[in-house]
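The letters A, B, C and D name the chains in turn, as written, and every chain counts its residues from 1.
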Amino acid sequence: MVEYTPTEMMTVSAARALKNDDVCFVGIGMPSAACNLARLTHAPDITLIYESGTIGTKPDVLPLSIGDGELCETAVNTVAVPEMFRYWLQGGKISVGFLGAAQLDKYGNINTTVIGDYDNPKVRLPGGGGAPEIATSCGEVFLVMKQSKRGFVEKIDFVTSLGHGKGGDDRASYGVDTKGPSRLITDLCIMEPHPVGKQFVVTSIHPGVTREEIIENTGWEVEFADEVAETAIPSEKELQVLRELHARTAKAHGDQQ
Amino acid sequence: MVEYTPTEMMTVSAARALKNDDVCFVGIGMPSAACNLARLTHAPDITLIYESGTIGTKPDVLPLSIGDGELCETAVNTVAVPEMFRYWLQGGKISVGFLGAAQLDKYGNINTTVIGDYDNPKVRLPGGGGAPEIATSCGEVFLVMKQSKRGFVEKIDFVTSLGHGKGGDDRASYGVDTKGPSRLITDLCIMEPHPVGKQFVVTSIHPGVTREEIIENTGWEVEFADEVAETAIPSEKELQVLRELHARTAKAHGDQQ
Amino acid sequence: MVARFMSLKEAVASCVKDGDTISMEGFTHLIPHAAGHEIIRQGIKDLTLIRMTPDMIYDQLIGAGCAKKLVFSWGGNPGVGSLHRLRDAYEKGWPTKLEIEEHSHAAMANAYDAGAAGLPCAVFKGYRGAELPRVNPNIKFIECPFTGESLAAVPAIRPDVTVVHAQKANKKGDVLFEGIVGVQKEAVLAAKKSIITVEEIVDDFGDISPNAVMLPNWAVTAIVEVPGGAHPSYAQGYYKRDNAFYKAWDPIARDREAFQAWLEEHVINGGPEDFAAKRDANKA
Amino acid sequence: MVARFMSLKEAVASCVKDGDTISMEGFTHLIPHAAGHEIIRQGIKDLTLIRMTPDMIYDQLIGAGCAKKLVFSWGGNPGVGSLHRLRDAYEKGWPTKLEIEEHSHAAMANAYDAGAAGLPCAVFKGYRGAELPRVNPNIKFIECPFTGESLAAVPAIRPDVTVVHAQKANKKGDVLFEGIVGVQKEAVLAAKKSIITVEEIVDDFGDISPNAVMLPNWAVTAIVEVPGGAHPSYAQGYYKRDNAFYKAWDPIARDREAFQAWLEEHVINGGPEDFAAKRDANKA
């Protein structure tokens, strides 16, 4: 019997969403682990791009920051940051943007700016960084985030980055012709936008997770698809590769094990 | 007694206009000879920039085209053409633009586009190339051109590149805050713009040239400064360096001597 | 979609069709002459040709009747004189009438940059006091929303196909440019499809700078190995510009019959394999 | 005006003054920490600090009371957490109130590009459906004059002074960057003055690509040799990022007294010569 944590299930599920021919703009943290797991398993030719300008990078350990030396040393090419945002991201060369969030609503709109009021925030978050334009310029967007009532809210405090806006065709009303959030991978389940309304619908539940747990950890009214799949458990290979990646990373960054 | 041709006198005079700390955007042909003569004589540290992207180039022979390999091989750095026009020229990094012309008026407006009507030209010239923005973005502009009634006209057929417009403050009315043509060097004399009216005024006459010759070879009413200097003749050093440069160039380009 | 290695014939046949807007770039350096000849051989018509510096390569395409329109900023045989085939087509309609759209270098460089950057237009400090805006409706002016300053705008260049020549591709299909790199990278990134002819295909690029001027394989459509494929232009590190041939072009192009004879002998009855010998004759 | 070689003290004293708008860039890589410390030591005040990713270096400047305003797009200690000095200044006004102007990375990268390009503003496809335009009056929208498409505009960044760190300068004062080059070149070209700290000054760069990322000596104001000057950031080819120190920064910055003690010991009583030892401890 394979043992794994909910976070491992989430990372493995996120990795599986990527294809071998994807060109992926990688956010730091959870997206970075998922994208590199995909590269080290079923998608060896995937192109990973970090906003520091590294194109086609193949880091042996996960970067702590978006611009670790490892990213450049293993990249096909490294370009200036204005070129990255202008020619590669805005130029429409990226198939998938992989983002995390602090707050998320059911339309995949993202807040990474403030909790509370913008001018008098309860918590001042780091800000949007690359996300506002990753969210609109990539062919589609995958979101990965641990599920909780605090994070999965009915109304986010600040729209840092556009998802499906108010749902339906609202995203297109901003002149955006990319697909937007097409998958949300959590530690409990996978959600996909409703084909018409664009609100997230649970399409796959991770093994051992109940519908009640999902509902309890979501601030909006959860919708389930007519047919909900059970997510395949992580394979031994997937877990082994992921754990080795984390172990190498911890060692490289001088963490205590 | 030093012997020299009017073209040599022109090239030497043009070269002398450049300072050791100038950053000069070099047009092909006569400007290129003058700029490299300056570099090989009194201005060894001058930065020569060609629109092909070569910065700080030190060609041993004059390029036939604006992008000969020699320019890159001897440059401090070579940048992409959009960067050249955006960061270096438009960014205001160039102190002097050195241009030639097919037609010129007394305000230093340049035509390198057509003789005759634009849609039904008598002669279709190569076009503006870099000149329209060189003329407005460089700190100042030096013009070098053989004098003739056909070339020095009252009204040019097409304003490819702005000089002093209609004279006076007209140049600034286009939102241009650079100095514009500050010197016109010909095979007969040197002209500089009138401090107020901005029309060209003869300020120095090459040795052996008469005022009548200048008047006969100019399509506008020639103005002479109150005090007109006599241009110093080319020194033996200047002539030697220029002739060696031309000889090396001819040899490299496979010309018959 | 990763770049595919092809023959030149296959690359042109699969990427270029009648009526396309096509950009063949190279700023004196790395001009894709072999690919231009293949387009002529395949008899492709009604092309809108875009190029900052249309020189011999476009003179040949225009003289061969491939073009209906030229978008350019400086048209001449550098250091030599006029492009006689271009002028004959524009002024006398031979072999077909050529329409022109004229810009400055700064405008076209910015328009390629905007095309690569996915923008609908380029905004720049240009054309101030110049007369081209009077005759070219594709030059407009907008106001800076912060300073009120007037800025020129031109449409982004978005070719159907861009054709360029580079020094090297590796076996994965990544492409390396070096030296005077012109607007080639921008022109490829701005285009829907691209053909890259290269001097050689190598196992890997070895010890190059992480910041080398490159295109990854997924940003390119077709790669063709054509040694000497830029002749009489040059490929830095491989062979020199054949300045003598640029001068020799003048009398050939000046005369319709001389041009047609040259075209028949060197293009119609030629092929990409002829370029290797031209490279060897001009070795760096 | 060719770059002058100076001491760090002289460079900061001659280039940076109270109230300046200053950009210290480096995208994780090549962050000019030694120069930041010198600015703190010289007690410079009321700076408007511009930086895409204000991290530890700006946390220190803000905590030391040098800043009145921060222009940024992502403020955090990467992979670790918040910037406690930044938050303390912004939320509680300690040691002085900090004003913020917030953008996205794309906006700031374009604004640096526009600054280098001499434009009054940057025009890009950005902020679509995002809320920052509601709270930042320096984000506007304009229409493409050809397609009618709505495009975002932000003012160009034109700092009084840009401070960056590079691997090398040669004896003539030309500067070479390699690896993750960020927006450093743009930030220098956009600024009125610039200070470049470098790992070493070499006779010449040897066999580098003609297309290397460089600044010629006349585009730079002051050059200072400070081995290790980017620590705890890194200089590719010289030393690694000191990730452990980025983690160690969190508890130091979390506490005002701990921060002040650290500042006193390592900055006020320190100097640029301390950085060489830090480099040696993190050798690549």
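By our rule, a residue touches a chain if its C-beta (ideal position, glycine included) is under 8 Å from a C-beta of that chain, and two chains touch if they have at least 3 such contacts.
Predicted, not measured: the structure shown is a model, and the values here were computed from it.
Could you put a whole-Å number on the gap between the CA centroids of chain A and chain D?
Each chain reduced to its C-alpha mean, chain A and chain D end up 28 Å apart.
Express in whole angstrom the distance between the two chain centres, defined as the mean CA positions of chain A and chain C.
40
Provide the list of chain D residues touching at least two other chains, using ranges where the numbers run on.
Each of 113, 117-119, 124-125, 149, 179, 181, 186, 210-213, 236 in chain D touches at least two other chains.
By the touch rule stated above, which residues of chain B touch at least two different other chains?
Residue numbers touching two or more other chains: 72-73, 78, 86, 90, 137.
Viewed as a graph of touching chains, is the assembly arranged as a line, ring, star, complete set, or other?
other
If two chains touch, include that pair; go through all of them.
Those chain pairs which touch are A-C, A-D, B-C, B-D, C-D.
Using the touch definition from the top, list the residues of chain B that touch chain D in their complex.
Its residues touching chain D are 21, 23, 45, 47, 55-56, 72-73, 75-79, 86-87, 90-93, 137.
Write out the stretch or stretches of chain B touching chain C in their complex.
Where chain B meets chain C, its residues are 28-29, 51-54, 63-69, 71-73, 78, 80-82, 84-86, 89-90, 113, 118-119, 121, 124, 126-133, 136-137, 158-162, 165, 171, 174-176, 252-254.
In the complex of these two chains, what residues of chain D are touching chain C?
Its residues touching chain C are 117-121, 123-125, 138, 140-142, 144-147, 149, 151, 153, 155, 177-179, 181, 208-213, 236.
Hey, which residues of chain C end up touching chain A in the complex?
Touch residues, chain C against chain A: 1-2, 113, 116-119, 174, 186, 189, 210-212, 214, 216, 218-219.
Quick one: in the complex, what on chain C touches chain B?
The contact residues of chain C facing chain B are 27-29, 52-53, 72-76, 78-80, 82, 87, 90-91, 102, 104-106, 109-110, 112-113, 124-132, 135, 149-150, 179-183, 185-186, 213, 234, 236, 240-241, 243-244, 246-247, 284.
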